[in-house]
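What follows is a set of structures to go through.
In the two assemblies presented below, chain A is common to both, partnered first by chain B and then by chain C.
And now, the complex of A and B:
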């Protein structure tokens, strides 16, 4: 049972949403989203954010009607115990996949940029106990990590000024050179960067005055959009489109030009600081996954947390190269699209119908 | 609870212990290469020369030079390491030199390793050397060390001289872009000392043209905003030197009768420092006109030459793409040698120094 003590102030939804959305994607999304809309792809970030804003509204409408107020309750109510339970397990799996994408990509960056000889499994033994410590007891700890995960790395935004020295305005001219369809196609790829919002379906009941917290969720989504937009526009000024197709982590490339009197390479510092940005991602997704499983099977949160973390560990160790990382990134992106834009609206409709039926029945 | 702590600490210890065996690089067990030169050798091989400074004692520095020839740069790395007493570390290079023969053959294969290696800084400088890079590298005798010496030679000329700013980032962007062509500084040996000879222009990745450094000033004014430049002119009547130039440049493209028409406008202001006649102050308007005319003439000639060679170091195609809707790449490429490129100059000379 969630007591008042477990709940957090609705203001923290802002940090939860922003921290869940900004993660490993900031490092390399520029190349991915420019596939269709080229140098106009920065506009597709706005389109994607607006679409996500609609999904958040839909989620609040749906969650507000339920006493338990999370996706497990809605599943059970709408589909019954068995089908609902199955869907909850699938949703938990999707959350683990999101955590895997984040963690494995971060480890890959450490491998490529810092320690090419590092043992992945041993590095994970360093990170995962920390994650377990965050998620195993209270949700409030997760919220704290999310808060710091927004605050600490935020100063990295200042590094966006350095690449402007090389900015070529012709790179993004002329504006609107691509059709609306191409921009929307690109925004379907940009959705991947906003996918973290699906954790809302699980942590909703932990928010005080949850129904009134929507404005903070929307603000959080807006803040995410601004961060991505700033990074994207700076990248498109800094790289020309042909160059961008070659660069895997465009944002890390910015740091290559920063040379400070006391620091020859900023990347090492930047990548280390980014850990604070990816930790809330992993913590929130694994927590949400463990909670979903616990609510479905009533097996105890700690046990489920341990299970989720073990799965995370095994999948991350099993994936050994760039190909694998690329594949899970693609799969997660496609699944995110389906979950947010097909499944959530569908669930919303079915839920409305089910409520009507029940009302008429009683 | 106590058991949990034990497990946590155990996992952390295991992690540390396993990764402890990672190969490490300790500063006094490596030789940090500051500059490398690549020459074209026989049978399409590449001869690589690297220089690593060795600090014998406080304030004293000895440059160690290694050379080897192989079919690829990383093969050379093996051979070079086979000669050195410590591991040669190439992550902190300041300058990479290529000789002109290699550059004429195409540089793409020999620069790609720089982009692939994330430890390479984007402000690494590249330059072309007229003859052998090995000779240039062995010719430097400076307490700074060869790498820093050449780096500073290029850097101060970029800050105050005729050399347009070009580093790995700029070169790479121009090389990758299909809408512009790169250029690099050209070094050569003069009486046994390296000097900045001029600029080398590339068609894609192949060197096709060079200009002397005295003429590079005009290119620089056409290419970018200059903070501290110089302009010299000799007419039949007088010689004049304009210093402390601050400039701005604008490229405008319009479509006229199906053809793009490009106008490069350069505005600069500076002060007179050398003038072979008296009463400069009175003649300033006249001088301004003369400088404008002279600049337009030199710039036109330079642009014409680029068009004849079908190279685009000024990034004109980028501006046409940016400003003319429905720009067609193929059409532009065909039309480029013929399109009208106008030069506009607006010179203001603000002072004539401490004398009239």
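And now, the complex of A and C:
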């Protein structure tokens, strides 16, 4: 069904994973993760990344055993047609939720920072056809968007040098001032920034030499960690913990102090450029969701893509205030924890048992 | 008896043919007595070469001794003559520049001699892709001359030429050229297949083929490169690409191509690699500038004037003080004015065209600023944008660049920098989805191939380019080893 022409070289897994993970989170995760571990929260990022790396390993172990090699196949094999199908639909819903979080938060930032009176539906009508254009035909296009979505906005990392002028090393001293428990509690909040990795469960069969691509996936996860770590440490050096509780989007705060000879107020440019970073998120999640639905119901990828995008549109338009955005962020974070650290290991175990049973049976 | 019947039929047919042909303009019919029989010579005045007629054909009919047309054919110093008994075939041949000789009582009855009049332009200097250094030959309209220009540079037996015919009415000759053993057969087959599938009645120029065999017809971007330089065609054939020649067109198509290739002038290969790379980069930056600078001006002045640094603000404010229009109106008026100038300049003869440039550029520009209709900052911006779009070496691509500026200006007005970014993302995704003869158009950027960057944004020295570009999937990836390596 998936021909060699549809597959992408395993090297692109690096970009797929990184693009799926880095998104809207970079703008304001510093305040959220510092809730328990305070100025030591940067260590939680490392802990979170290591945990995710374990999850990736688990996913590869599980996916490699199946010919079709995606979560729909595994569901069907493990739970049978009906229960498996239901779980696949729930997984698709989870992916749509991830896409919604990214898109709605981005729209929220645009409302606060650029256009306070913008019509949400009008903006969505500009963005969503683009998403459909990306996901409707080939997976190759999604990969291309992910690739450019990592490469092009990466120059924004250079802006981290500007706040270093005002860095205050005492802000992160003393190191290890918090207990291990607190750091782990914080890392459970940091997982939200790494959740994109769930898309791997769907796009795995589109990778050439998929079984050997794990090193690229791990590298991608590592790259994500480095980016978050750099942003986090610079933020904690620049803001003290008191200030940090007051700023919602700490990274945008950096951009406010940047002055270039040809450009003041870098944040307008930065937020616009960030669109290239959130687009792969939305595209990958909606694509994965549409593919999951299509594999479950066999109704045609284009129709499912249209359905997913319509749902995305309705949910985003329906959510009108800041509270709603906060709530879906929290819900998505908790769901992500459950999916990655409870459901995936459980599925792995059940899958192993099912395989054993089937082997003995035959 | 049988022979007599046949002769009578031929005589009847011939008389019918003559009456038919006499209705045609420029038909000439001559009769000569030879031995005991009568020789008829007929041709269309406008389609035969009078020199060949006088020099080779007529003297031989009168001076030589022969009993039938088969003997006469042996005397003719012209190749591809035909003997024909069927009168109905003759008329069709006449249009293609043949001359017929009919001898009463002879069998076969007709001798057809090809002496077509070839109106050819001399091979001249390339005008669109002119380069100061390097070869100075350009393709002409005649397909055989064009093929010859390439063959001269690639005198190897592996050069394969597949001749096809397209256009239900025009029946234009098309040749698909590639090098066996280097080019990927799949690319050649795709090209041949698509040309065979062309179902239009007229193919007057290679642009007709370019449009009908494009991978995505609803794209503003050309997906096959066209060039008028035989040296460029020879060079891309060696890289493993495919060239498509169309009779009657001085532009030869080549594919599979990539977006970057449209911005590489062939002159780059005649200059030192550092100089060439620098200029190629400048050209690419110029193109980005040309597309983005006017929309940026509109976006910043409409929505985000805070972006303008404090030192620059007074300059901008004073230049816009008098202007009664919003930035979008101002920008569109000026851009349209530039487009008008360009169209007017392109349609007028060269000498008058220069005057237009002066009138348009200096008089209208200065006057509109003085009258306070546009700001002089925008005048500079639009001027730079126009200059930038002229640096594109391929004319068709520079037209595309002119066009996509306008929707960008409009989204910039509506959503500022955000709108610009979203629209650029649209273009980017469109380019990601485009293919050229089935190969990705954005290569080597995506699919990312570091090796192919040796001749993309920059051009490395020739001896550093050991491998042919992978984008075209050449059959032999490595270029032949150096001479001393075989020892």
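Convention: the second predicted complex is superposed on the first by the 362 of 362 C-alpha atoms of A that agree within 3 Å, B and C clash if a C-alpha of one lies under 4 Å from a C-alpha of the other, contacts with A are read in each partner's own complex, and residues count from 1 in each chain.
Everything below uses one rule, namely that a residue touches a chain if its C-beta (ideal position, glycine included) is under 8 Å from a C-beta of that chain, and two chains touch if they have at least 3 such contacts.
Remember, predicted model here, so these are calculated numbers, not experimental data.
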item: Superposition on chain A - do chain B and chain C clash or fit; value: fit
item: First (chain B), second (chain C), both or neither touched by A:161; value: neither
item: Partner chain(s) touched by A:246 [first = chain B, second = chain C, both, neither]; value: first
item: Which superposed partner A:133 touches (first chain B, second chain C, both, neither); value: both
item: Touching partner for A:57 - first (chain B), second (chain C), both, neither; value: neither
item: Which superposed partner A:148 touches (first chain B, second chain C, both, neither); value: second
item: Partner chain(s) touched by A:123 [first = chain B, second = chain C, both, neither]; value: both
item: Chain B versus chain C as contact partner of A:259, first or second or both or neither; value: both
item: Superposed model, angle subtended at chain A by chain C and chain B (C-alpha, nearest 10 degrees); value: 100
item: Contacts of A:177 with chain B and chain C, given as first, second, both or neither; value: first
item: First, second, both or neither for A:276, with chain B first and chain C second; value: second
item: Nearest-approach distance, in Å, of chain C Cα atoms to those of chain B in the combined model; value: 5
item: Footprint overlap on chain A, where chain B in one structure and chain C in the other make contact; value: 115, 118, 123, 126, 133, 259, 264-265
item: Parts of chain A lying in touch with chain B, wherever the complex brings them together; value: 112-113, 115, 117-119, 121-123, 125-126, 128-129, 133, 166, 168-171, 173-174, 177, 239-240, 242-243, 246, 252-253, 256-257, 259, 264-265, 267
item: Residues of chain C defined as touching chain A within the complex; value: 303-304, 306-310, 312, 415-422, 425-426, 428-430, 432-433, 442, 445-448
item: Contacting residues of chain A [partner chain C, same complex]; value: 8-9, 11, 110, 114-115, 118, 123, 126-127, 130, 133-134, 137-138, 140-141, 143-145, 147-148, 259-265, 268-269, 271-273, 275-276, 279
item: In the complex, chain B residues that touch chain A; value: 7-8, 11-12, 14-16, 18-19, 22-23, 92, 115, 118-123, 169-170, 172-173, 176-179, 315, 318-319, 321-323, 325
